[in-house]
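Lettered A, B, C and D in written order, each chain numbered from 1.
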Amino acid sequence: MERIPVGILGATGMVGQWFVKLLAGHPWFEITALAASARSAGKTYAEAATWVVPGEPPKAVREMVVESCEPHLPCRLVFSALPAEEAGPIEEAFAAAGYAVSSNARNHRYDPDVPLLIPEVNPDHLGLIEVQKRRRRWQGFIVTCANCSTAQLVLALEPLRRAFGLRAINVVTMQALSGAGYPGVPGLSILDNVIPYIPGEEEKVEREPKKIWGMLQGEEIAEAKVEISAHCHRVATRDGHLEAVSVALEREATLEEIVAALEEFRSLPQKLELPSAPARPIVVRKEPDRPQPRLDREEGGGMSVVVGRVRRCPVLDWKLEILGHNTVRGAAGGAILNAELLLAQGYLS
Amino acid sequence: MERIPVGILGATGMVGQWFVKLLAGHPWFEITALAASARSAGKTYAEAATWVVPGEPPKAVREMVVESCEPHLPCRLVFSALPAEEAGPIEEAFAAAGYAVSSNARNHRYDPDVPLLIPEVNPDHLGLIEVQKRRRRWQGFIVTCANCSTAQLVLALEPLRRAFGLRAINVVTMQALSGAGYPGVPGLSILDNVIPYIPGEEEKVEREPKKIWGMLQGEEIAEAKVEISAHCHRVATRDGHLEAVSVALEREATLEEIVAALEEFRSLPQKLELPSAPARPIVVRKEPDRPQPRLDREEGGGMSVVVGRVRRCPVLDWKLEILGHNTVRGAAGGAILNAELLLAQGYLS
Amino acid sequence: MERIPVGILGATGMVGQWFVKLLAGHPWFEITALAASARSAGKTYAEAATWVVPGEPPKAVREMVVESCEPHLPCRLVFSALPAEEAGPIEEAFAAAGYAVSSNARNHRYDPDVPLLIPEVNPDHLGLIEVQKRRRRWQGFIVTCANCSTAQLVLALEPLRRAFGLRAINVVTMQALSGAGYPGVPGLSILDNVIPYIPGEEEKVEREPKKIWGMLQGEEIAEAKVEISAHCHRVATRDGHLEAVSVALEREATLEEIVAALEEFRSLPQKLELPSAPARPIVVRKEPDRPQPRLDREEGGGMSVVVGRVRRCPVLDWKLEILGHNTVRGAAGGAILNAELLLAQGYLS
Amino acid sequence: MERIPVGILGATGMVGQWFVKLLAGHPWFEITALAASARSAGKTYAEAATWVVPGEPPKAVREMVVESCEPHLPCRLVFSALPAEEAGPIEEAFAAAGYAVSSNARNHRYDPDVPLLIPEVNPDHLGLIEVQKRRRRWQGFIVTCANCSTAQLVLALEPLRRAFGLRAINVVTMQALSGAGYPGVPGLSILDNVIPYIPGEEEKVEREPKKIWGMLQGEEIAEAKVEISAHCHRVATRDGHLEAVSVALEREATLEEIVAALEEFRSLPQKLELPSAPARPIVVRKEPDRPQPRLDREEGGGMSVVVGRVRRCPVLDWKLEILGHNTVRGAAGGAILNAELLLAQGYLS
């Protein structure tokens, strides 16, 4: 099969580098364009990007010349790792010009006609694409992926929602440094410390799941009714967000039923055998002290979420720990999985 | 005023060292005995103790000879920093022999006739001492202090309980390494990591507040009715436990009322001007990113708790962050404050 | 005694904050002016400075209005914490206008007529001040303090130089995060890592000691003849630079002689009882595993250097470990001690 | 080719786990026996070993029953990860009983008839095996690998020794936590700290290279004449020892010659294409700030050493930074490479 040419917007930043890393050797996609700010345009990628993700930059991209973020890139699909200050109009320009845009930026997440997509959870929201193209008179379109803390939370709780219903969620995050990009959090601020605040994060975690779990009714998403409270913290880990979660369910469940629902969960990406889809979207650890960021973040190549410590909650119904790789499942990997679903469902032809 | 001679049981361990440090130069108490296991007995304190708390061991104790933990120490009051495996019968032997025992061990916390004491919260529970002495036919007695995570939680929420009533508490802790003693958590386990489990900790945090907030009725404590759920984590900080807390109140409150209740809270130790009582038991920070362990743990000499980020909770009623110094307020400092209350209330004469 | 009015240039940055902290309550100096970049000028200090050093900003300065760095400040002496990109002409303008400038910046360190001063080592270099004022036709003057890594190295080796002569020094530094200022080194770069490079640092450590140890001959400093090799590293510590040092001496020495020379070293600041002069400039630890940054950096209020592990070196003659507080002795504290020496020697009247 | 059955002594500890990990899927060796202390014997490996190395324990070993360390194991070769307190007589018993022993323990390193082997450096020292067997009347024999800090130092400097001669070496190590085993260094000891002392380490680094670089003359190794001075430190990294090294050469060299010697170095293991031999034993990085432990420790699967910052030294001749993976090249991987050389050279038949 011929690989589909793809570009990366914001290719030199940390999330952009993760796109480069994860797309190297991808069976369906081939990087044919790297775009970034005017400061980088014209340089080789090796010159323009200070590589901060594990390993070395793939050879195939090192000598590619970085282009500016204008909709004349030699590809059909672009992944956007642009910062929120820039992503809005650029992504729109690409979509208008006929590109499919798989974005990691927050700018269009709440647009009523833009899917906020987790392929295992709400693949039917792709139905919004036609609405979006029609309303906006665009040749192309935008799909977005969720905030990193949201993505792993919603994926891990999806089997419980389906089986038992979700009334309320209290989530306390302990988020890794890479979630703040590079340079991000100063070493002096986080050594021997925890920072109990991440600007804008709690709002995202409390809002995004309602759209993701919403019902597509005609041309609209009817938001899901679930109460969510988030407390977000930055801790001294490299990768892997850990979440201490309590949930109230709509229906009674036993521990065995909950664990079975989590372990047996498979969804459309697994059925379609999308290249980035983990065989087991949710891995349940039985040891009392797991998941741990350093030990478990690579599960499923960073695309699985790892759940542990499922137990009764005296205040809500159940409590559990959820771990996800924030820069893989929670960012670049999630957006790539979105694009794989687009391709498999015929949205890229 | 002549200072009261006091001893320390388990003086060579980390909590024992904190007792030594905090009692050096204490206006009411004078260390006259240091006791530890048979392995240490007979050595000087400088030889027996590998000093791991900040600063150097006080000169006054370096050449003191460590004694064994038998009730023949030259003092009237002993502070117990014994590990739980040893504390039970030793503390009982001292109490039986007429010593007042202010313990940091968990062994007797749930005994119905032993006060589990936070001086700002339940000083009236000292009434159990007479019951205890009578029932057990002891000349002396035992009072205990709460687990470190409990102590700061209960102290910080006490003004809300008094003013608005507490229905439910969800608490997620991010606890410092010093809470596990020395050597405690291996560096390899905690570097670039969070451990979502501390054996026995969640049970303590869910149980102890009910006794502390219980009502002394005749010779019994009637447990408080409040639902508590705890998720406990170990993080890479030296000192200072951070807690992300959500609470449900019995009565409506505004943000201003809650902050005022916290800031204005003073209690018996402040009124009695006990030497270790902080002027402000609860300090409220208004910045969005406080309290932080490294920046705020020394507040009030480690005896204040610091509260921040008070805000509405979509699931319960309010959420907030609570920070306390686990080895000061949550251990040695708390037990010393208990002893100061005992003296001020006439229990040491 | 009336305190002398002093100003701080670059008062809002990290070293500026250390000046503020260390000058609060100083017996000889009183902060009467805080100056910083145009961006900060006009704001209160509390608004303009993101406080990153331990504790809270002193009350006396919080409401002071930050001024711009022009030589119209209401004081006679200014401490300069300006970055090297700005320090050069600003410090000159102040000196020209009659201010005494005690600088922490590197810009004028190598000027032949500017003292590079460590009061315990080369107080006689103050003789350059007259040369400087005459040559430059300035009413005021500039004195500089050494780079943080240099300052502790030179101070610790001074007694050996005096007693036995120094032929060669090999120094490998393990430097704290605060040495890079704030925000400085990203958390992502230093977690689970060591960075074996600090731009410009090795050059400074290899060059500055030759001037400091140089002989004032007429109007010139004749550089000392000593070979110095430096390897500089950044490690994940907050404060306190550790240096693994080997030295070749000109004359034979025994271990006892070396330790005695280090421990007994006192110099002019101790004789003059300058307020910031530590009683013991060099503290020798005998334990095999000291000095350690976290345990020993506060020695002498951060103004002492701590030496340990003195032992034979199979390649040069002796090896030892040296620790100093980089932001106290190695920056603000060093510059304050310089100013105290200026006052005591009559240079501020 | 049929794989050779091998056993692991001390299989449950950290180095033992690295043996298990690195031998899983090895083309020449097959784990057929896991042995450990009496406490573990009889349990499955999954029960007996608290897995602390990256990833999960290989499936093939999980259900293997751990045996005691007696010379009745079903294999011909044993790898020893025993602690020094136990390794001595156990390794001897296995060698006497006919096993080939490839040991990571220090006990026999200095025995005159036991090779202290780095296959790229002194493969001819295998000639001692015949001496050893004859003198001790053993059917089997022992070969040892060097201390972790030694191994990477000697390997990295070998090309310089061959090309230019080595007169003197000054090495300052910054060693990872895993070098101390598990649990090893307490988190409380190393957070925000560097420990300038590792018991026994400097002696090993100063002594072992002289044997490794020694000349096999008849039945003896004549020690190499080179002066070595070591300063050893523990830092807060997981894996990867960093060494700041200065060397004095016997002959003049240019920077280009030195870099070429390092980069072009290949030796017997590369020629024989031993499975664990890295294609490039020494990788030279040209960036000013490399090697870094976190970025470079996995080079060559942890079997390459990475060198950077080669530059003139004002005191000796040249300075450079050397990084190696202490638990791979410096322990289990080194001992496996030794065994591969034994097999390739006919010592296992």
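Assorted remarks:
One rule holds in what follows: a contact is a pair of C-beta atoms (placed from the backbone, for glycine too) under 8 Å apart; a residue touches a chain by one contact, two chains touch by 3 or more.
Note that the structure is a prediction, hence the values are computed from the model and not measured.
Taking B-D and C-D together, the pair of chains sharing more C-beta contacts is C-D.
Relative to the C-alpha centre of chain D, the farthest chain centre belongs to B. Centre-to-centre separation of chain B and chain C, using mean CA positions: 42 Å. In whole angstrom, the spacing between the mean C-alpha positions of chain C and chain D is 42.
For the pair chain B and chain D, the distance between mean C-alpha positions equals 48 Å.
Looking at chain B, residues 191-192, 236-238 sit in touch with two or more other chains. Against chain B, the residues of chain A that register as touching in their complex are 168-170, 172, 174, 191-197, 199, 206, 227-229, 231, 233, 235-238, 242, 244, 246, 248, 288-295, 308-309, 313-316, 319, 321. Of all residues in chain A, only 52, 177-178, 182-192, 236-238 touch chain C in the complex they form.
Residues of chain B touching chain C in their complex: 191-192.
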